[in-house]
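Let me give you the structure first, and then I'll get to my questions.
Which chain is which? They are A, B and C, in the order written, and residues in each are numbered from 1.
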Amino acid sequence: MPLIQVHLDRDTFDHQHEKIGLAIHDAQIAALGIPADDRFQIFTPHDAGELKFDPGYNGVDRRNLIVIRVVAVHMYDVATKRRLFQAVVDRLQPLGIRAEDVLISLTENGFEDWYAGKL
Amino acid sequence: MPLIQVHLDRDTFDHQHEKIGLAIHDAQIAALGIPADDRFQIFTPHDAGELKFDPGYNGVDRRNLIVIRVVAVHMYDVATKRRLFQAVVDRLQPLGIRAEDVLISLTENGFEDWYAGKL
Amino acid sequence: MPLIQVHLDRDTFDHQHEKIGLAIHDAQIAALGIPADDRFQIFTPHDAGELKFDPGYNGVDRRNLIVIRVVAVHMYDVATKRRLFQAVVDRLQPLGIRAEDVLISLTENGFEDWYAGKL
């Protein structure tokens, strides 16, 4: 039951939200091994001024910003998390979304912290 | 000081946001025993395409999606969390919001991680 | 790589988002010692009814609500967090944002939970 929240500029959302959603979901299936129907994604398109970032932090040439927040049960090791991040950017790149423009932040909780349609 | 974030479609928001807000808050008071005035809720209405989900994950017949994110201090046991989730869906159902359409995700922090108007 | 999310009413956003963003970022640099270019801020302006709160919780006279969510690596002690909260409200006050109207909630993760433009 990872929950995905994607914050991106409205233009990118309007043109690509279906493909971006599928790309991130496919990355999760590949890297985390979640079931194909375990999909919960919240997209929030942002207008000018709402996404503020520095163009050079971490030594990358950042021109835009797409933030992907993940809430997942505490069960994945560091290597798995890195595989997830790499799988996400690998699948976004063919859509014209540069790896340098991606910020991913993952936070964890427990199995007992979820309700997905039934107890 | 639980912080509640509700992501739902704009139509449901427009017609029911007051009742939904009160229902979730009442569930918190009943299940967690928080003070009646400890209310912080952020609603985000979403337009078409922004909430992406699978209609059958976890063996339920999901037709819509309302996501309720909770940030709360680490102090509630598993039974209390389950009581909260049940209390929320019990109070949303009379508003026409099906239990199957609810996703709740809770994350925890510490007392020292909050500022609520004063130190 | 703290990630900052600011939820505020649309009017305050329209008039002050640049100054608010800089104020919060400057507070982070002063209190946490992060690099000046480590800036990732997501602003979400909210319309009427979307921010629900109690005007008196915690014994303060709350008239408006600005919610600042912080996701940061688990590395700051309690005193540092309090310095951050104080630095934020100290820098927002000259902009006409009352300390009583501020809610800050911080959640933590690990270094391995971030992707910022490269692995």
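We take it that a contact is a pair of C-beta atoms (placed from the backbone, for glycine too) under 8 Å apart; a residue touches a chain by one contact, two chains touch by 3 or more.
Everything quoted here is computed from the prediction, not taken from an experiment.
At the chain A-chain B interface, residue numbers used by both copies make up under half of all numbers present, so the two copies contact each other through mostly different positions.
With rounding to the nearest 5, the Cα superposition of chain B on chain C corresponds to a rotation angle of 120 degrees.
Each chain gets a centre from the mean of its Cα atoms; for chain A and chain B, those two points are 22 Å apart.
Contact of a single residue of chain A with at least two other chains is seen at positions 44, 107-108.
Against chain C, in their complex, chain B makes its touches with residues 1, 3, 17-18, 21, 35, 37-45, 71, 107-109, 112-119.
Residue ranges on chain B touching chain A, taken from their complex, read 7, 44, 46, 49-54, 56-60, 62, 65, 67, 69, 78, 81-82, 85-86, 88-89, 99-108.
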